[in-house]
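Here subunit A shows up in two complexes: once beside subunit B, once beside subunit C.
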Partner chain A sequence: MILIDKLCYQSKLRYVNATEKFVYAVLSLVFCIVSRSAAAAVLVFLANGILTVGKGKIPLSHYIKLLLVPAAFLLLGTAAMLIDLSRAPMDAFAFRIGEWYLTGSTASLTRVCRLWITALSAVTCLYFLSLNTTMTDILEVLRKMRLPTLLIELMMLIYRFIFLLLETASAIMTAQESRLGNRDYRTKVRSFGAMASALFVQSMRRSDALYDALESRCYDGTIRVLSQERPAKKKEIVGIALFESLLLLITIWSIIE
Partner chain B sequence: MKQEKEWVIEAEHLSYTYDGNEKPALDDLDLKIRRGHKVAFMGGNGSGKSTFFLCLNGIRRPDKGRVLIDGTPIAYTRKGLLDVRRRVGIVFQEPDDQLFSASVYQEISFGILNLGADEETARKKVEQVIRELGICPFQDRPAHGLSGGQKKLVAIADILVMEPEVMILDEPAASLDPKHTKIVREIVEKLTMKGITVLMATHDMDYAFGWADEIVLMYEGRVLKKGTPLEVCADREALEQTNLEVPAVLRLYEKMRQKGMASQKGDPPRTMEELERRFL
Partner chain C sequence: MTKKEKILLKASIALAAVFAVAPASNAMHIMEGYLPAGYCVAWGVICLPFLIAGFVSLKNKVRENRRNMTLIAMAGAFIFVISSLKIPSVTGSCSHMTGTGLGAILLGPAAVSILGIIVLLFQAVLLAHGGLTTLGANTFSMAVAGPFVSFGLYHLCRKLKVNRRVSVFLAAFLGDLFTYCVTSIQLALAYPSEAGGVGASALKFLGVFAPTQLPLAVIEGILTVVIVIGLETYAGPELKSIGFLRKKEAK
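Right, the complex of A and B next:
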């Protein structure tokens, strides 16, 4: 998560209008899932790869590493759907174990492959959004979509405070380390407990101080802020519209099939 | 036109004790601050500087005594508090306690929108402050990607954009490198030029001696000594009690006078540059 946050600030697509990116990612995701078509999935997978790595200049190695996480998970999940235990061998493959066969059919193999690529493409849509859009920009889009303000304010504060908490935690841990707080298992456990309680106390103090600081600036119960709008470009909108229309066609076609 | 009062802040017999503490953080504190003055607050850790500042814009309500802003006591009602906070801005000691948003732009726009500015004016002001403080190079970075000094600048911009009459800086130079310290000091200079009253907590006696119109020495929640830098530095007992050193220029100047290298007439120089200019 921290890695994604770091990368998104370096993305070359960061300053592209956030609503555009949001709409693109969500529509592609929906079409991918609704159509269940391998063609749509491959198309989306490629498009996201080209956009994120090619245009956004997110390092390929990072992108692959991030993709491997859900890919491995999906592989394990779909393996169970693919492999059957039966007395008769099926057409795709079969391994004999005594009286029984560890076997699978071609039909289920194609189904699993399609499912796998669909799910992976869906994940790339989310990666595209989060690797090329900063959290604050995403929150801005959600605000425009009239999500409850309370929710957005909470997300905004949580996003800021996750990092403060991590900073404090790592500072405490370094301090403990330098005093041999991790010498063996016992001290390690004790150190961790001490850190957790120190973190809790600090967080309480922090939230008090933050409230004071907000009040100092005439806080009245709602957090109003200005965001920096990046203008939407015609070329980009047309591109997104074309791409999504293509996906729509594929979706309709695959539903009729 | 409301007539401008001479005293912009008056604190009368302030006492404040934090919940659960035995010792009061402020103990019968009496202080008046002249409009447009530069006032340095000095004193050891826990002497009550930050607490006093929080009383000045109504965040802490004193147990006893009262605070007057422009001659009117703070009204602890919604409207009264908003009014006080519009006039008295505080840059907090820890920028991490103050910055609530990951985005610099959002962060700075918060205060001015709360003052009821429309979007266009707010945008203009925010961008102007960003330019003035030299925040441009890192304005697109998230708050957690900023250095301590950069965070401090953003924290100052937060308040500056609201254009308060009184600006309080709680240890603005803490944890800053020389470059950022210089930037912050130039900003403070500009503020006074605009006629803003600046209160600053600092541990740097050399700086306070050169900069301030008045120095307030705090000790255990009280004002131990208040006066021009020269008056305060003449009271060696008070300096000793608050563990402060005589500023280097003054020490050097006194030595030079003893040895007959400097004339006996005129005020002592306030900064090293002045000393160099006059005597070397």
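Right, the complex of A and C next:
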């Protein structure tokens, strides 16, 4: 139902040690953003592409489509940075509108290009994590990082409930669709509201029923699940360490510069 | 056509194509990697007190009655699902509710801050709306600033004896608008304009996102009212249990 969630269960890298994947993704992300260097960004972009599509066997078409998800934000956000309204024309381009100029400078043009590269490669880091690691594994990593148990518990329950509610919502929407519930805009809005309130009632009832079920099985505030240990391979650790130290070098170099 | 016109035409076609292909995530999440590192950390730190307050209130609620645990989790999942579903929009583009107004009105701002960061994390990982490094900034605009305005306005309107539906609309609509303004300011602080500094930059970001955000805020307000009406009709006991309706109000 959620594309990324579905894909991550078929990834060939799914059973690789989750902590290792988490550390790799987060470190690359941090180096990418701190250094803001094009070299680091291109390196990370390529590495994540090869890992996710090549090793993880995530279909390329899906991967490209997912990369386009933030494109609208990126376009609008960088358009605002690029275009200035000023009385004096700047060096990159200028269109005259009466007394004023719709203009931009070469400096901001390079800044925008750099931002595009950095942001896109940062997005690939996020995708590497989410397309190759299941949510339950990520939560397990967060548990190891000593996040409060209450939070982890809450996240686990929410993750589980999301799919229950999505299923209910899609059933309600199918029913509405088949009864001309989306005939025109007014009915559409009314149907959406009706669906949401029915969903809310359903979710409250379900949570009650779930609590009863948990309590009858001696629930004391923590749900204990067995986590499978998948030790990291030495080869992978060395590879990640080498890659990250390369990024570290680039970062230090770009800061000095 | 002159050369310049041709370039303009091509650029506008490319822009339109991207909008047609990309499902525009209109909820105004700042994308992964967009903010410089310093700003990511700063916004995260600013959110901390709200998150801690939310965590403490959550802990107390669970200690009070353990049943609240599943209830709060359901509420979180509800916000996520509502914000991940396509809403009926006029332009035909694909847009989403933020759900923050509804959450704040139903659950109060403290609970929403902690639920908000979890929902935003899930949105980043599962839907690629927002990101890990921009989690702090997004939490501040969507799970702290927006809900606080919604909650405050709703209760102010109720005090002033404004009709409940009107107050719900105002709370959701203005909460959404406020989120959008805060996000624009966040972007402007990170990327001030060369001619005119932060102020001019904020205006530019506001302007660029206005065509998608203004109609969205109105739709969000209307939908929230429709949902609340539905809830009042069907979910009296449930609303009472989360403290939304006082006993005498729920018939």
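Assume the second predicted complex is superposed on the first by the 214 of 257 C-alpha atoms of A that agree within 3 Å, B and C clash if a C-alpha of one lies under 4 Å from a C-alpha of the other, contacts with A are read in each partner's own complex, and residues count from 1 in each chain.
FYI, a contact is a pair of C-beta atoms (placed from the backbone, for glycine too) under 8 Å apart; a residue touches a chain by one contact, two chains touch by 3 or more.
Quick caveat, the model's predicted, so the values are computed rather than measured.
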Which of subunit B and subunit C A:206 touches, first, second, both or neither: both
Touched partner set for A:228, first subunit B, second subunit C, both or neither: first
Which of subunit B and subunit C A:157 touches, first, second, both or neither: both
Which superposed partner A:217 touches (first subunit B, second subunit C, both, neither): first
Partner with the higher number of touched subunit A residues, subunit C or subunit B: C
First, second, both or neither for A:149, with subunit B first and subunit C second: neither
Contacts of A:130 with subunit B and subunit C, given as first, second, both or neither: second
Touching partner for A:36 - first (subunit B), second (subunit C), both, neither: second
Touching partner for A:108 - first (subunit B), second (subunit C), both, neither: second
Contacts on subunit A seen with subunit B and repeated with subunit C across the two complexes: 5, 135, 157, 159-160, 164, 206, 210, 214-215, 219
Subunit A residues touching subunit B - in the complex, by the definition given at the top: 5, 9, 134-136, 156-157, 159-160, 163-164, 167, 206, 209-210, 212-220, 223-228
Contacting residues of subunit B [partner subunit A, same complex]: 54, 57, 59, 81-82, 85-86, 89-90, 92, 94, 96-103, 105-107, 109-111, 113-115, 119, 122-123, 126, 140-145, 158-159, 162
Subunit A-facing residues of subunit C, complex: 15, 18-19, 21-25, 29-37, 40, 55, 58-59, 62, 66-67, 69-78, 80-82, 84-85, 87-88, 90, 114, 118-119, 121-122, 124-129, 131-133, 187, 191, 193-196, 200-201, 204-205, 207-209, 212, 219, 222-223, 225-227, 229-231, 233-235, 238, 241
Subunit C-touching residues of subunit A, taken from the complex the two chains share: 2, 4-5, 26, 29-30, 32-34, 36, 66, 68-77, 79-81, 83-84, 86, 90, 105, 107-108, 111, 115, 118-123, 125-127, 129-130, 135, 138, 148, 150-151, 153-155, 157-162, 164-166, 169, 182, 185, 188-190, 192-194, 196-201, 203-208, 210-211, 214-215, 219, 221
